[in-house]
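Okay, got some structures for you below.
What follows is chain A paired twice: with chain B in the first complex and chain C in the second.
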Partner chain A sequence: MSLTDGNIIEIDNLSFKYARQNKYILKNLTLNIKDGQWIALIGHNGSGKSTLARLIDGLLKAESGSIKVDGYEMNEKNIWDIRKKIGMVFQNPDNQFVGADVESDIAFGLENQGVPREEMVSRVADALKVVGMEKFATHEPARLSGGQKQRVAIAGVLALRPKIIILDEATSMLDPEGRKGLITLIKDLKDEYKFTVISITHDIDEATLADRVIVLDDGKIIDDGKPESIFIKNDELLNIGLDIPFAEKIRRELTKKGVDIPNKYFTEEEMVDWLCQFKQKN
Partner chain B sequence: MVMSIQAKKLNYTYQIGTPLEHVALKDVSINIKDGSYTAIVGHTGSGKSTLLQHLNGLLKPTSGEISINGYTIDNTTKNKELGKLRKEVGFVFQFPEAQLFEETVLKDIAFAPKNFGKSEDEAEKIAREKAKLVALPEEVLEKSPFELSGGQMRRVAIAGILAMEPKVLVLDEPTAGLDPEGRHQMMEMFNRLHKDENLTIILVTHQMNDVAEYADHVIVLESGKVIADSTPKELFSDPEWLKNHHLNLPQTTDFAYKLFDKLALSKHSIPLQSEELTDEILKILGGNLNE
Partner chain C sequence: MNKLLLGRYINGNSLIHRMDPRSKLALSFYFIGIIFLANNWQTYLLLIAFTFLGVLLSKIKLSFFIRGIIPLVWLILFTVLLQVFFTNGGHVFWHWGPFTLSKYGLVNGVYVFFRFVLIIVMSTLLTLTTSPLEISDAMESLLKPLKYLKVPVYEISLMLSIALRFVPTLMDETAKIMNAQRSRGVNFGEGSLVEQVKAVIPILIPLFVSSFNRAEDLATAMEARGYKGGEGRTKFRVHVWKLRDTMTIIAFAVLTIALIILKN
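After this line comes the complex of A and B, so read on.
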């Protein structure tokens, strides 16, 4: 099926609130996401990020508005087809294990989709290998560490070869090395398998790697663009309880202390370069 | 009595005598001083959690001993003797809000003191005090804890732990799952408890930025062994060593080193806090600013 304007996800005028509550979690939200992009979805806790992810996966039902995933309208008839296209990884992997050992946990999703046994065995092995957990195939998930569990959860999703992977703060419980490793891994896999990534994250340095950053506040999109255009507006981000990239923080503090730095977005390397040039010029 | 935590040649082996036997701690000897802010860092599987579980007797050493504020635990210690110790050391595990259960915030915080024999009134008084300490607004005290935001729920759980009036607070990645603002406020709150209430803090973290910002003592574990036991300044003065052990520098120090390298300066200072970093940058840029 060909996609309208290459959009893998089309959300139109979407509103959601929980039963018996007056406050809308999402209000008239409209959003298109292009196939194959890496989207960082940021916003403080309670801004509606996870709700949006659950609506896209059909775990929650919208009050009004529409969601289209890969050309399929979200409704009772299409929901199972849509879910097959989406792999979700949550923050706390303890909530997503079903198998008695790591292998069978990963095989569970494949069995559900009726993947032939031979292919299943090789997909499970591949997925474990890419996340660096092949040695743990026969271990009990409960006995793994937090980081190891998360790798297994991601392997479980990768084995299903979804078109969209939604990471709901999936790296927030990993150590920095594990986090970096995982993000690099998902980036590489994305290049190979061409899936779309929606990463809900508080890790601003991870968000700077995205193709597009969407900022949610109080159920509304308040900013949307490339990382370099989002992160220069540091006051706005701080005002809604978010962090700003480290180099921006330094730029801000140096400006306050009287250093005449241009008002633009710097990466850390660019900032170091700029400071060196400044020193040599003066 | 010397108030401190001392481990002497502490060893711990899981599932001894089975094919799954696994040595988690090897000859760990450490000394955590009363009133210190100690960070424990190390990779997944390095033995951090095993060590923590010795701090209130959830685990007993396979050999060696650990003494906590005068209570010594070795492999002969009876569980009965651990009751008092468990009041000395408060534990904030990851996602402590999962343990909330009472109808109101106040009742939840008052549960522990009541359980330890305080009267209803006394327990409530303590609960109000602790709610204040963790900066919970007055109006939430009569609400159900489950109506609160994630950050506030966590504060309730922490107030409940403080209500036991521990002398040591053990924090196991206490900010997991909070947004940046919530994380910052939570870390500042622990720092205030450390300074104003003189609580000894033991923080298990992967965040070197927090180690740089708050800790005065840092212990690094690797494969069950202590591989470094020093101050953050000392630890971060050797980027080569850190790299070999797959550990990160805090962003501040990392940025300073990048700048020093580019300008061919020696690593003459180790800025930990961002204020220190920008001061150092100003020094490097020299008196050229006002021209």
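After this line comes the complex of A and C, so read on.
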């Protein structure tokens, strides 16, 4: 099916609230996501990020509005087809490990889809290799670190060959090392397999890697754009309780100290380059 | 930490380890059945020899099996004494009220003792050489006929394997909660019985709460990965019936015939 304007996800006028609660978690949200992009969804706790992700995967039912994934309208009939297109990685590494060991966990999703065993074996082996966990194929979860468990979760998702991968704060329970490793891995895999990534995160430095950043506050999109245009408006982010990227913090501090630094957004690399040049000049 | 529950499994690569868990589980139950065929010293000797052969083939130290018997020593002794004092027949050595010590009673006591030990050793052999996961797989496939009675066999086995998978996770969690409560001044394993029971409550409640949260997360994760019940699922872990399984079944058949011939 051809996608309208290359949008893999089309969300129109979506509203959601939990039963027996008056407060809307999401209110009249409209959003299109282009195929193959890396989207960072940021916002403070309770801003509706995770709810949005669960609605896209059909784990929650919208009160009103529509969601279209890869051309399929979200409804009872299409829900399992849509879930096949989406792979989700959740926050807690332990609570999404279903299998008794690494191999059987990766196979879990394949078993659900009724994939024949021979194909399952080769797909599991491939997925293990891709995430660099071949040596751990028969390890139980108790013998793995948090980062390794998340790699297994990603392998489980990759084995299903989804078009969209949603990371629901997938790195938030990892140490900085594990976090960095996981993000690099996903970035590499995205380049290779060309899937769409929606990364829900608190980690602003992680969000700077995205093609597009969407800021959610109180169930509404309050900002949407490239990282460089979002993070230059840092006061707004601070106002809704979010942090600003490390490079941007340095730029602000330097400006305060009276250093003549251009009023534009720097990625971390750009900042390093600029600082080196600055040091040579002075 | 994760040695608890059925986890007495000892990794190995012996003939018994490599057997299909289905045949191991089925034959263990079968053995408990045929042990009741034995009723004289020849048949018991045969069973002991057979069990000992199994133990030898597993290449696991005898001490592990003895450790399996120790917790049940009192039960064995009690049953043996009942047999010894309440069975009549043959030459009576001693008599007092309802108690009699007869030749027949003594012999029966010895038989009951060996019957217990053999059953324990055989089931220990199963749990030592078969991982809990394999046992749960085996149970699923042996219970398969119950599907026709609308028993959700697949779901039961998935529940069992998830429960097993979360044992170490929950053990870690318990340790964490205990430390947290200790740091708040709770004393575990001290004071009167009532105090000790009371000290368990601040462990159990947080453990319950977090288990429910985990269960909800897990259910969401399973659904996101397309789980919609056992219908139409394929299996990744399959067990292959091998020659050694057929051989073992033949050995058990021979044993059964020998027992029938030798028994009184």
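The criterion applied here is as follows: the second predicted complex is superposed on the first by the 267 of 282 C-alpha atoms of A that agree within 3 Å, B and C clash if a C-alpha of one lies under 4 Å from a C-alpha of the other, contacts with A are read in each partner's own complex, and residues count from 1 in each chain.
Here is the rule we go by: contacts are C-beta pairs under 8 Å (C-beta built on N, C-alpha and C of every residue); 3 or more make two chains touch, one makes a residue touch a chain.
Everything quoted here is computed from the prediction, not taken from an experiment.
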Task: State whether A:92 touches chain B only (first), chain C only (second), both chains, or neither.
output: both
- prompt: Given the touch rule stated above, what does A:107 touch, chain B (first), chain C (second), both, or neither?
  reply: second
Message: Tell me the contact category for A:267 with respect to chain B and chain C: first, second, both or neither.
response: neither
- request: Determine, under the contact definition given at the top, whether A:78 touches first (chain B), second (chain C), both, or neither.
  value: neither
First, second, both or neither for A:66, with chain B first and chain C second: neither
- prompt: After lining up the shared chain so the two structures overlap, which partner does A:258 touch, if you call chain B first and chain C second: first, second, both or neither?
  reply: first
- prompt: Does chain B (first) or chain C (second) touch A:141, or do both, or does neither?
  reply: second
Statement: chain A residues where the chain B and chain C footprints coincide 92
- line: Given the complex, residues on chain A that touch chain B span 44-46, 91-92, 145-148, 169, 172-178, 202, 204, 241-243, 246-247, 249-250, 253-254, 257-260, 268-269, 271-273, 275-276, 278-279, 282
- prompt: In the complex formed with chain A, which residues of chain C make contact?
  reply: 1-2, 133, 161-162, 164-165, 168-169, 172, 213-214, 217-218, 220-228, 232-238
Message: Quick check on the complex: what are the chain A residues that touch chain C?
response: 54, 57, 59, 80, 83-84, 86-88, 90, 92, 94-101, 103-104, 107-117, 120-121, 124, 140-142, 156-157, 160
- prompt: Touching chain A in the complex: which residues of chain B?
  reply: 43-45, 94-95, 149-151, 173, 176-183, 206-208, 246, 248, 251, 255, 258-259, 262-263, 274-275, 277-278, 281-282, 284-286, 288-291
